[in-house]
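Listed below are the structures to be examined.
Two complexes follow with chain A in common, the first pairing it with chain B and the second with chain C.
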Partner chain A sequence: MNPIALIARKEAGELLLSTRGLAWLLALAVIMSVLSLLLVSNTELSLLDNAQVVYMVMGTVTALGGLLAVVLGSDTIAGERERGSLLPLLLAPVTPSQIVFGKMGGQVVGWSVMYLLSLPYVWAVGSSGQNLVQSVVYLALLGTPVVLGFGFLGIALSARLRNVRSALLTSLIMLMLMTSPLLLGPSLRQSTIGKWFDALNPFSAAVNTFDSVVIDSQPLGMQTTRLVVALIWLAAMAALAVRSVRKMEI
Partner chain B sequence: MLIEIRGLKLNLGGSPILRNVNLALEKGQILGLLGPNGAGKSTTISVITALRAPTAGNVRVLGLDPVAETLQLHRRIGALAEDSGFYDWMNASSYLQWMASLYGLGARKAEIPALLHRVGLDARNQGAIATYSRGMRQRLGLARALINRPELLILDEPTNGLDPRGRREIHDVLLNLSAQHGVGILLCTHLLDDVERLCTRIGIIAHGETLLEGSIADILSTQGAAVRYRLRVAGDQPSTLPNGVTLLARAGEWWHVGLGGSGDPANAWRSLIDAGWRIEEIHREGGGLEDLYMSVTEGGEASI
Partner chain C sequence: MKKATLALLLGCFMLGLNLAGAADTLSVSLVPVASNPPSPQMGDWLKFRSVIKNSAGQPTHGVVAWISLVQVDPGKEQPVDLEDWSAHKAVTKAVLRPGQELSVDWPMRLIQSGSYRVVISAVDRETAHVMTSPFVDFRVRRKPVVESARILPVALGVPAVILGLIALRRYRRRDRA
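== the complex of A and B ==
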């Protein structure tokens, strides 16, 4: 088997078979369960319409996916260094590029698991409406580059900062900055800075797309710019991760 | 020549870490790399294993340039770091299978139970590595280093955490690899007992410089580092001593003698017995490699 696939398989195993990885997935499932229960209750009471609820679940899944990605990413290099398992990997006949692509493969598996985990919740809140299919498709289309970008950022910081705590803290601050549109009020988002921030922020690109397609029923053709922003974010973070791992010192 | 290092220099962050390291290791030899903490031993190993590029000097490992031919080198060497880590959620067999695949040696997976047995681990133990003791982890680390049947083995404190039986078993594995399979071993350790038992050559490094390098017998001989023994001798003894044995002191039936560094103790005792000595007990008191190490590295810990 190719070294990249082997490292990716190991990363996936760490998420799906280790106590720590399973605990993270369980925590995410609990958060999604509580949120879905609250949203379904609100829908039943006609406090929120179905499209609004689906939009909120999609935004939350993307944010939680980003959270899982930065936690996994921050641990990939620095965590292995702290646990002493990085050195055997560096002494094996694999290149730094193969190591980083394998780690990226692990991120893809992590997001795939998170995405599959979220589908029952999306179905639970969206099955009574008209936009279940769009929500599942657009969550994959926009959520994937945004979440993986955060994961690759975590890998880059993990290689550069050399310890998990610093890498995780920095990644979380970046994630909070990017997800701040969820916390900003409509007036702040309409200011000049807010508009620029919205236009360049990949997380904004994802949630604004969810808003447009699920609530406003706009077609995909009108979301091209946002999709490009998300893809540029993914490519930039992938390049940063590759460069950081290639340049890292033991 | 498995390792050939001449005039190795390495600067990190503008500071010289290695100033002038010289080492040589041939097939089937075991080289003990000694030196105080911070002397530059681990950094030297990192250059040999291509984890760092030298600033200057000539480094050839298995005839390869570690910087330019890293992957070819990694395919042919095995290494065990001092604080070696594993994926704790795996068990020993699955971990070694994964490592074998990473080396492109998937076909050797069938050999893994024998390899585990060889280092003293039970292949039937399917428990997670997280539950392993320090000694078991050391054994697993050694198994990992042997997974690709290396021509050169680089070991940093391989007997750390092992009980006396485990230590002896690992010694036997290393001696067998060296003698039967011609594997060259670079052993980095603070345990001089290990060095005396295993090594044919030593290199002593301090302050990033090789202070001494060569075969143990030659070094002890040229440095005049005699080994001291205490003998209990019954009855009257002849006054003459064979060549190579020096009388240091006598207290009743106890005789304190020195044995030249190049002398074989067995020959010396045979000579004494032939000369009419009735030796009842022999105790080693020190000297030899330990005294040599202390005198060469005098000045305390290195500043780097």
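== the complex of A and C ==
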């Protein structure tokens, strides 16, 4: 089997087949369940509020996906180092690039599982509202580059910082900073700094697209810039991860 | 006495002329289109058609017509922000010649349940007051959009499935041991 596929399979197996990985997925599912159950109490929601709810769920799924990605990413290289399995991995007939691409494959599987896990929730809160299909499509379209970007950032930090705790803490700080638009309302982001932050932040690009598509029913043509921001983020983080793994010291 | 009566009649005539000057230059009609659902509910689309006609003998300039929506449920009387209901909130016409008509469709998506009253208002540059259409009343039925019957199985089922997978994995591991 291709070494990249082999490493990706091992990474995916740790998430899907280990008790620890399944416990993470359980925790994420419980968070989404609690969020959904909180919404049940309000049965007088208008259609607009329903769209708002779907938007909230999409933002939460992306944030949770990012959280899962940085946790998985931070463990990739530094975790191997701490478990003493990095040296055997480097001595195996695989290049550093193949290792990092394999680890990235694990991230792709992790996000795919998270995305599939979120679909019943998106359906449950949004099937009688507006733009359900768009919600599902745009969650994949924008959520994927944003979440994988966080995962690749985790891999890069994991290779550079040499221990899981430092890599995880730094990744989480970055994640919290970038997901702050979920907490700050649009009015708080109207200052010059806020606008710049919104324009450059890939997470803002994702949530603003969700807002635009689900609540305001705007077309794909209006999301191009945001999609480009998310793709640049993904490409930049992928390049950083590859470079960090290639240049890491044993 | 005759002179006084004549002066009074002349005064009334002049007053009538003044009132005629303040009369509506635009007549605005408003009707729901026939294809509207008879008992609309949240999420449905309604369309209203209005005809704005220059009923004066001279052209009117700078005509602006806009739609307004008011909720009239007892205790909930309030103007409705059309931001989310309609993207088509106003029309303009630079000149409307005498007798010329401007036909406008006003589509709107029903966002919230309740009783509503819709009206079209119009102004032009020459007339100092707003001219309005007759009201059209409609009622929007409630549609539960976040249903516990749909959320509960998902909210409880997904974690239960993952818990089941964890339990199955532990059982298999114990079985192997």
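What we mean here is this: the second predicted complex is superposed on the first by the 240 of 250 C-alpha atoms of A that agree within 3 Å, B and C clash if a C-alpha of one lies under 4 Å from a C-alpha of the other, contacts with A are read in each partner's own complex, and residues count from 1 in each chain.
Note that in this section contacts are C-beta pairs under 8 Å (C-beta built on N, C-alpha and C of every residue); 3 or more make two chains touch, one makes a residue touch a chain.
Every value quoted in this text rests on a predicted model; they were computed, and no experiment measured them.
A.B. asks: Should A:A92 be classified as contacting the first partner (chain B), the second (chain C), both, or neither?
C.D. replies: In the superposition, A:A92 touches chain B alone.
A.B. asks: Who touches more of chain A, chain B or chain C?
C.D. replies: Larger number of chain A residues touched: C.
A.B. asks: Considering only the touch criterion stated at the top, classify A:V125 as touching first (chain B), second (chain C), both, or neither.
C.D. replies: The second partner, chain C, only.
A.B. asks: Could you look at A:R83 and tell me whether it touches chain B, chain C, both or neither (first, second, both, neither)?
C.D. replies: The first partner, chain B, only.
A.B. asks: Which holds for A:L17: it touches chain B only (first), chain C only (second), both, or neither?
C.D. replies: Both: A:L17 reaches chain B and chain C.
A.B. asks: Between chain B and chain C, whom does A:L37 touch in the aligned arrangement: first, second, both, or neither?
C.D. replies: Only chain C is touched by A:L37; chain B is not.
A.B. asks: Kindly list the residues of chain A that each of chain B and chain C touches, one partner per complex.
C.D. replies: In chain A, residues 17, 19 are touched by chain B and also by chain C.
A.B. asks: In the complex, go through chain A and note every residue touching chain C.
C.D. replies: Going through chain A, the ones touching chain C are 17, 19, 22-23, 25-26, 29-30, 32-34, 36-37, 39-40, 42-50, 53, 117, 120-121, 123-125, 127-130, 215.
A.B. asks: Please name which positions on chain B make contact with chain A in the complex.
C.D. replies: 46, 49, 51-52, 71-72, 74-75, 77, 79, 81, 83-90, 98-99, 101-104, 106, 144
A.B. asks: Under the definition above, what is the set of chain A residues touching chain B in their complex?
C.D. replies: 1, 3, 6-7, 10, 13-14, 17-19, 80, 83-95, 249-250
A.B. asks: Quick check: in the complex, which residue numbers of chain C touch chain A?
C.D. replies: Per the touch definition, chain C meets chain A at residues 42-43, 84, 109-113, 142-148, 150-159, 162-163, 165-166, 169-170.
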